[in-house]
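What follows are several structures.
Okay, so subunit A shows up in both of these, paired with subunit B first and subunit C after.
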Partner chain A sequence: MTEEKIVVEVDEDLEDLIPGFLQNRNTDIGKLQQAADAGDFETLRSIGHSLKGVGGGYGFEKMSELGASIETAAKGEQLEEIKSCISALKNYLQNVEIKFV
Partner chain B sequence: MSATKKTPAIKILVVDDDEDILNLLEKWLVDLDYCVKRAASGLEALQLVSTFVPDLVITDLFMEGMDGMALLNEIHTDNPLLPVIMLSGQAQIPDAVKAMHLGVSEFLTKPVEKQKLLQTVKDNIPCTRGPEKLSQFSGSIVFESKVMADVMEMAALVAETDVSVLVTGPTGSGKEVIARAIHDASKRRDKPFIAVNCGAIPEQLLESELFGHEKGAFTGASLKHEGLFQAANGGTIFLDEIGDMPLPLQVKLLRVLQDFEVRPVGATRTFPIDVRLISATHRNLEQAVADGDFREDLYYRLKVVPLDIPDLMDRPDDIPALVDHFLERFARQNKTEKKSFSADSMKYLGKMTWPGNVRQLINVVELCATLSKSKTIALGLVKKAIQEKPVEIQTLKEAKQDFEKKYLISVMRISHGQVANAARIAGRNRTEFYKLLNQYNIDPDDFRNKNTSG
Partner chain C sequence: MGLAFCLTLVKSAWDTTLDRTKTNLQYDVLSIQQTISRNVLSANDVTNNVAAFVAASDDLTKDQFGVFAEDILSRYTHLDSINYFQFAGNEEIKKFPLLYQVSNDAGPVGPGQDIYLEFQFRAALDTAMATGKVVPSPLIEQHENSRQYWLFKAVDVTAETGQPGSEANGSVKGIVAVLVSPAKSVGHRAHDKALTITLYSDTVNLYGRTQLYASDEEQTEERWVIENFVEEESVQIPPYSIKISAHKPIYFKDLDFGLIFVSILLGGGILLLMYGLMNARRQQETELRERNKLIEQKVEEQTFELEVARDEAVKAVKMKSEFLASMSHEIRTPLNAIIGMSDLMSETTMNDEQTRYVSVFRKAGDALLTLVNDILDLSKIEAGQLVLENISFNLMEIVEEAADIYALKAADKHLEIITNIDTSVNIYRVGDPGRLKQVLLNLISNALKFTEKGQIVVSLKLPKDASDKDDVCMSVRDTGIGIPVTKLETIFESFTQADTSTTRRYGGTGLGLTICRHLVTLMNGQIWVESEEGKGSEFFVKVNLAQQDKPRVVPPDLTDKSILIVDSRLDNCLALEETLKYCGANCVNATTVKNCVNYLTNQQEPDIVIVDSHMLLDESMELKSAFSDELKQKTLVTISPSYMTRHQSVVERDGYRKILMKPLKRVELLDAIRSMYKRTSKEDVDKIIKPIADDNVAKSLHILLVEDNPDNRMLIRAYLKKTDHILDEAENGEIALDRFMSKKYDMVFMDIQMPVMDGHEATKRIRAWEQKNNKEKTPIIALTAHAIKEEIDKCIASGCDSHLGKPVKKATLLEAIQGIG
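Here is the complex of A and B:
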């Protein structure tokens, strides 16, 4: 089964910034997984919060939504919900296709 | 490098602990030719505020260490007029309200849209340094002198913010005119401007006038009354003679300024208000604080930005322009031809001490314009006009005698001309008291009730 590509339109002015941006998000995934394994809700909340703030600005609305969900779930210490958001985020990053407009 | 027609770049400081946000904001702003510096923490930002001297700051709310709110506070301690735009991941109303009243220019929620952010930046860049804006602001205020130009520049700057302004200056110097001009130049200009003279309203009434009362809150309160703070909601309230406000009411005012809500007399609930406060006094509030007549905490809250209007005597350069302005206004209001002062009479006006300040000048100008039969107002008439309103300072002896006479008359009135009673009230023996009455030609008979005695 092949995952469907998710096309995201990004302002072409931001082209130079995107590689670094995506790299930082992959780092976030690693940190989120670690924190989830350790049950460190404070770190989860904080990363979720910053994802929420940063995603939409670059054009990745879905990322902001997932960040917000992680933040909320971390406040309620809902680990299962968090894990499912992390995997959704991972899936999103793997399949996102950027179209500069 | 070729010369460009652009003015020096506007400097913007962006503060966030998230590198990607900094990258994004920097990119957006640099594309529009803003000069951008970035800071990854509140402390770093503070450093840059003094070295980079930005025209505007954009900061995140939640940051490790010093957060956006603390940064805002620190920035405004030394730079009360520096616009700060705050970004927050949380759209929490209390944060936004608190930030607005700490003087934040705009509160935006993250993720922030590019257009929204850039528009907000554009709206908040101070453009008062340009002469255009200043002349526009001070259109209603006439001045030529450097001292007033400085005051007006400051006033034009504060007009763009919501910070509290304390206008000081002698009676008649135009404190309300300045307050009104600040309101008219602010974003609140379409909302009410309400001026209250705290010294003119009895203490018991002042609280209900300002904050309102519920029906039946006290004897005579037969109807619910909305206070002036609520009436000014969204606009500006101007509290004149704030130095005369009684201490108990000062506490209540302070609470209003801290919580942004009012509780009418007799009410069980509070009402949120959004009012910009401009206060004024001719008294030396610092002295009043030292004497315990004025609350220190309230004093500091009122005078976030102090504006001191100088005596007319200290800015004689303004007199010709003011005179011309008042002559024109007089002619317009009375539908008559505009008159003018002769050269020597204008010179004479410039040398007066004007203890009544601009208000006295208006009186003199209008009196002269009314009485002058010719188009040019002659020196003789000016001298007469000023003499008719004696302004000379009394000697201490004269002032004491003046007071003594008034005092004796009021005691005689209270005692209905009964000298024995009057003397007792005044704490003097009868013989002495008679002597005093004689000295001032006061006849006890004038105070006795003629109907019953005759």
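Here is the complex of A and C:
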């Protein structure tokens, strides 16, 4: 699964933004892992919500789905669920291949 | 008929009476005839007897003759006299002087008178002497009314030998003559009976028929002779015969009227009876007519009473509606608090069980709110409090969004909602988009409720019988249970479904269609339904919405491009065709896998393929292998929500480039096709995109973007990079308000969920500020995370003009800006 490339189509107008966007997301993952370790559900919820809001707009539907899952799980304080979502997100960002259209 | 019967009765009575009169007459005549013939015979006998007596007595004295004759005359009253003339001549000269006479009165002959000298009698005397038989003489008319005739008989010498007539001539001793009175023979009875009796005498070889007697002819006067009665009989005494003829006219007065009277009475009675019957019937009719008149009068009275009652009822309904409207409002306020609190509560930390409980009462609250809203709407309408908006909007968006909202619910039942927008309809209209959408949502929800399999087609088209250029027609067609003809009208009434049992089976408030009808009526439109039981229903809404002169989006130029549409639902193919043909494409439909494979193997490869995932991933996997890697780049896969989770990843993995969620929206479809061209040939893209972009940037706008998420702000900035619009950003509502008051903006994109000050509050403050400073209203477009009715309504209530669902797509964003410009 980790070997498979995930192709994501992104509007070519966004080409300049994508490197910064992806950098921001990697930062988010770091924050998420820290918060998860600390049991800071409020931070987890907030970042999850933010991921949910931005992913779709750029074409990363999967990112939005995972963000929504993290947000919901954070509300229910389901740490295991959150951790699996974070690793899924990490995996997704590593394997994503962007095609500008 | 009564008259005919009466006449027949009288006629038969008449005949019977006449017959009886005749029979009576016959009896009378018979007895009279017998009397006469007896008298005639007796006269003959007397003549014979006297002749025999004279012949037997050789020395007959006058006394002897007198005693004998008187005795006879006393017994036979019709004989007038008996005479004996003794032969006194010789061979040459015959003399018969009267010898004895016995007579009742003075006879026609005197004493000693020779009868033979009377020439009138000679022929008879000669015959008597020649034959030795009794011979009658012609009539002697002594005086009027007294006719008589003689009966002669010769007395022979050899009479005693008992051979009379053998030597008649020359041996005649004398002649016996008896004078007979025919009138007396007939007697008085005939006269009493008013009979006309005529006697004729016929003597052989002597003289012809002689009338002996004729009783007085009755004076016929002016009596009514009905019939003449004639009866004849003759007495034969050779050589002569007497014929008796009785004649009597039957007069009217002679008839026995008893029977006729009875028959006339009977006939009259029957006539009267029938007249009575007819009269009774006529009277009955008159009575009936009068009764009808009475009933009519009563009905009129009742109608009037009903009218009064109806007016009162209408008033009562209005009062009820006013009460409900205020009540509903009172209910809504605490209900909103309950729902709002449940929202806040779900934000707090809860365990699974608590989360589940909260979600249940949140859902129940939503359901209750829907019902209260329905009731509120209806009572507002009935109370005449509902005022329609009149703003410009995109009609296609309304239809597509309405279909979108129920797409997931439809997917749960494996139904598909298909939108079919007629390209000839100008989608920019003025009206009340919210209420129109409400009508559509109601109709779609209804269609979903009553449909188990098939599809629901939501159409927007020009009405067939458009009376005005601004008329548009929307319809929702399902393949559900249908509605019986008799219920087609009543289903629009409150709390009514086609069958009361369906309420239990399908649920629902029963207010939806009533609200629809009221709303459409308020818009001066029409709503109706056509249905066939078991096959489905189609609800139509025809409304008049003023058109707006906004430039339409230039569609991608697909002239001479061939497009293969693969979908098992023909309605989907037709809807796609409608849009694509408008762009100039040649479309081919394939509703089965076989058709599609056939086309792909036998025809030139199409420029674009639009295929439904359900067909592509058919069990046979036949179609999957028919798509080459090259063809996959030209393929657009549509996925219905029911297959989203199963098919999306498979299709993506298989290398298909473009995926669209159903129900398809025109803008998204055209975008997808544009982007496919962009990929295949850069030149084409410029051709297609440029003219639209040029249109979009015809005017440079100052736009304020209010959005807390920096990534999303960057996104929108990137989308507007190629346009001439000038974009300012604000991180939250407070900053936005500062910016807005310091600079003039042409439009605002307002995110709703933001820290510090959210979109609702910011919009309200902007509107208040505008009003205070007498500024024109700046278009504010809300950016909402969920395109649900409540959220949109809330935005509109805060003062936003329209909304865009997140994530925002480039095309929708540009179109929204174009709509303002």
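Observations on the structure shown:
Here, the second predicted complex is superposed on the first by the 99 of 101 C-alpha atoms of A that agree within 3 Å, B and C clash if a C-alpha of one lies under 4 Å from a C-alpha of the other, contacts with A are read in each partner's own complex, and residues count from 1 in each chain.
Methods note: a contact is a pair of C-beta atoms (placed from the backbone, for glycine too) under 8 Å apart; a residue touches a chain by one contact, two chains touch by 3 or more.
Since the model is a prediction, treat every value here as computed from it, not as a measurement.
Of the two partner chains placed by the overlay, subunit B and subunit C both lie in contact with A:17.
Legend: residue contacts after superposition of the two complexes on their common chain; A:30 is shown touching neither subunit B nor subunit C.
Of the two partner chains placed by the overlay, only subunit C lies in contact with A:75; subunit B stays clear of it. Contacts of A:101 after superposition on the shared chain: subunit C is touched, whereas subunit B is not.
By the touch criterion stated above, A:54 is placed in contact with subunit B and with subunit C alike.
Touch criterion not met for A:39: it reaches neither subunit B nor subunit C.
When both complexes are aligned on chain A by C-alpha atoms, subunit A residues 11, 13-14, 17, 20-21, 24, 50, 53-58, 64 touch subunit B in the first and subunit C in the second.
Interface residues of subunit A, counted against subunit B in their complex, comprise 11, 13-14, 17, 20-21, 24, 49-50, 52-58, 61, 64, 71.
For subunit C in complex with subunit A, the residues that touch the partner chain are 346-347, 349-352, 355, 652, 657, 675, 678-679, 709, 711-712, 714-715, 718-719, 721-722, 785, 806-808, 810. Taken together, the subunit A residues at the contact with subunit C in this complex read 7, 9, 11, 13-14, 16-17, 20-21, 24, 41, 50, 53-58, 64, 75-77, 101. On the side of subunit B, the complex with subunit A involves touching residues 18-21, 23-24, 27, 31, 60, 62, 87, 89, 110-114.
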